[in-house]
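Below are two complexes that have chain A in common, paired first with chain B and then with chain C.
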Partner chain A sequence: MTTGFWHQVSAVVHRDLLRERRRGDVLWITIPFGAIALLLIPLAVGTDAILLRQIGPGMYWVIVMLFGVLVSVGKASNETLPQQDASALLGLDPAAGFVGRATSATLLLLIFEVVVGVVAVGLYDVSIIGIPWLIVTLIIVAIGLALLGTLTGSIVNSTSAGTALVPLLVAPLSVPLLLGATQSYEGLRLGHSILSWVLLMVAVVLIVAIIGVLTARPLQET
Partner chain B sequence: MQAQTRNRQWPWVAIGLSLAVAFTLSMVSPADSVQGDLVRIMYVHVPAAWLAYLAFFVTFVGSVGYLTTKDLRWDRIAAASAEIGVYFTGLAIALGMIWAKPTWGVWWTWDARLTLTAIMFFVYLGYLALRRTTDDPVIRAGRSSVLGVLGALQIPLVHFSVVWWRTLHQPPSLVRPDGPAIQDPLMLTALIVGVLAFTIVYGSLMVKRIELIKLDDQKAAIEQSIERPVAGEAVTVPDLGASS
Partner chain C sequence: MTESPLVELDGVGVRIGSTQILRDVDLEVDAGEVVGLFGANGAGKTTALRLMATLIRPAQGTGRVLGADLTSPERYDVRRRIGMIGHTPGIFPELTLVENLLYAARVAGVPSERAGEALSAVGLGGAADRLAGASSHGMQRRTEFARELMIDRSLLLLDEPHSALDRDAVDLVEGLIARTAAEGGAVVVVSHDRDRINKIASRTVELAGGTLS
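Showing the complex of A and B:
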């Protein structure tokens, strides 16, 4: 494989999406799991409509963080050692592999966010406000989670703990994204500027992307 | 032999002396006009929090050092520092909670500094958990150093949280643009000496812990090099009496 960087990225994205189409991990497991979680919360905290409308956006983002990370981790940690060796022997640039896996995870996360969002709107009667900014927030969170999940998935790949360790690593690291997403919605609801929260999320995304690209090769070597 | 014993004992002597001085000063310093004797928790809480920052920053430096040089010594520094950092972060959180109950009326409040410190604690707990999943020192170093770099994102967030958000937790006591918040010279001296004493404790623990990690690595290497019996070697072909 002696093609350019972006060609390699698109090949990895194509491979991951094809694998998802065949196995349906996200569509048939993670999305229903997230929807069930949204259904269970009112049973625990009460079914009062006003309360649910109030906590709905926050619950939605927590579900996106906790379940969405499974989407990106799956893409990164499902590769077996022979598959990794084959990719390396084919000359796949580790950075292109990282960007490709993160891109496919972003696309799947966006689908996850939209479907679970529809469920949240239906169950919690959440009002949709500031649609352009909401779309921007959804995209940034999807990219950020995809990058974090892909990076931590690469770190834990082939360790004895495997994916069991990933939630412990990703959940604390995704806090700036959770804060940014929830505060952006709150800002839109109150009519305040959300630029500072968006910038915080963009900064996190950029830093994680840089770390991911720079450490892709050392991680492949281990 | 005597020199070796002296070398082994100096960290404990340093720890004992520095802590004794810090303890004496914190006891003779005056009680606060508002908080009373409760303020004495600050003489351990602030140095513990300082050590947490220092330790995690050293973990970051060690991780970057390993990624750039591939020298395992950097990884040992990062690992030892993370262990000490997790311990002192836990201590700072526990002491903060003990102080908060009589002062704020609750053990825990959803304050930005408190919450982010707890999150930082879990980030490095994850770092230590990751290290336990791999036996090979080189693989372990490669993976944990990436997390060591990633985890450092939390340090500025935690420190500046009291500046960026309007929080219940007071702003920094010592490192401020307009000078230390504490006006009483004896209280300020006790606090600074406490910070220095804890830094000596950190340095001494680092030396000991790095030695231990090095010995652990050597032990693992020896164990791997020893020729061991192959699994199933004791199983022999059963004699079914076919030859007779």
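Showing the complex of A and C:
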């Protein structure tokens, strides 16, 4: 008897969310630290309300990028070799494992974005404009960071270089997402079309997703 | 049932990084056999099991497991028929014992009812909702044996299966080994307990310096 790809994906998502519920890494560690980081910035640059309103959106996205990648890399690399072996011998398609881990990381990142977003609005008096497009941007960024972090985590797991590789791998690929997110917000604020920035982020998401799925098997082998 | 050996290794070598772990290994395991694999610490026993589980590709030689070439993508198709229990339990400590089995059932495409049945069969029916991380090593190993009972395996690879188990659990393990062999599968058991393995194995082989004798 064989199971479908998506059935395996849902099994991995369910497993990862259960593990997170019991460990609380994101809810009790990452989210509070993200909020603290946003809180510390005004202490460093001053509490001028106009300045904070100007830099608030950018700071929010930087925090989302940095903590988001940490969340998804952490989720992707927190399986021991015996756990990975056991899953492989259940017949888990490596690509289904990749998509499942990225999906659970996406859901956690969405929670992170919303909670930290509320803090950013409260601290920096950031205006919420163009809500439908803002939601689209939040979802695309969450998916992109989750895919990027999951791919990086898979590479980290499969090489002896370990976590030292993470910044080198993540930095160049997360730049288009950061640019897309900040420029989308700016476009919404100024009333310009943000379609080109959304398409840029979607393109990054698709590229990373394709690379992740295609390299899932080779990365499991190394 | 396949007529050809379930495991065929011909001059196989395995390198991990710059270290040659196995060299020139020849081994055939036929259906119905229980093979005991002995060797000192560091002899390459665990690597040999992971090789037979298709989780490592050989650097030299050729190998087939359940008919699948160890270097071709067809090895992915046979993995679900291979069970392996190593030193460190391959279960998730944050999940309960039954959740671990339900995860395994969902991935392997086994009806979820079998999870509870398998857990009861290894004497853990009353501890189903206990977190794996809060369970003893012996209970974790029993859970792994429950997983192997739940999924029909043709090849069972066991690394020190008797360690951390009480008398009842040892009987369960030996029952699983006998059942797998009787149903036309094969079992390779790594152990330091020669007396016990000599009683249950069809034959034994010794791994020394990365080579079988």
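Following the convention adopted for this analysis, the second predicted complex is superposed on the first by the 211 of 222 C-alpha atoms of A that agree within 3 Å, B and C clash if a C-alpha of one lies under 4 Å from a C-alpha of the other, contacts with A are read in each partner's own complex, and residues count from 1 in each chain.
FYI, contacts are C-beta pairs under 8 Å (C-beta built on N, C-alpha and C of every residue); 3 or more make two chains touch, one makes a residue touch a chain.
Since the structure is predicted, the reported quantities are computational estimates derived from the model, not experimental observations.
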| item | value |
| --- | --- |
| Touching partner for A:155 - first (chain B), second (chain C), both, neither | first |
| Partner chain in contact with A:107 - chain B first, chain C second, else both or neither | neither |
| Partner chain(s) touched by A:207 [first = chain B, second = chain C, both, neither] | first |
| First (chain B), second (chain C), both or neither touched by A:90 | second |
| First, second, both or neither for A:221, with chain B first and chain C second | both |
| Touched partner set for A:29, first chain B, second chain C, both or neither | neither |
| Partner chain in contact with A:18 - chain B first, chain C second, else both or neither | second |
| Between chain B and chain C, more extensive residue contact with chain A | C |
| Set of chain A residues, in rising order, touched by both chain B and chain C | 160, 221 |
| Contacting residues of chain C [partner chain A, same complex] | 17, 50, 53, 55, 57, 73, 76, 79-80, 82-84, 86-92, 94-95, 99, 103-104, 106-110, 131, 144, 147, 151 |
| Touching residues (chain side chain B, partner chain A) in the complex | 67, 116, 119-120, 122-123, 125-126, 129-130, 132-134, 138-139, 142-143, 145-147, 149-151, 153-154, 157 |
| For the chain A and chain C complex, residues of the former touching the latter | 1-3, 7-8, 10-12, 14-15, 18-19, 22-23, 80-93, 160, 217, 221 |
| For the chain A and chain B complex, residues of the former touching the latter | 151-152, 155-156, 159-161, 165, 168-169, 171-173, 175-176, 204, 207-208, 211, 215, 218-219, 221-222 |
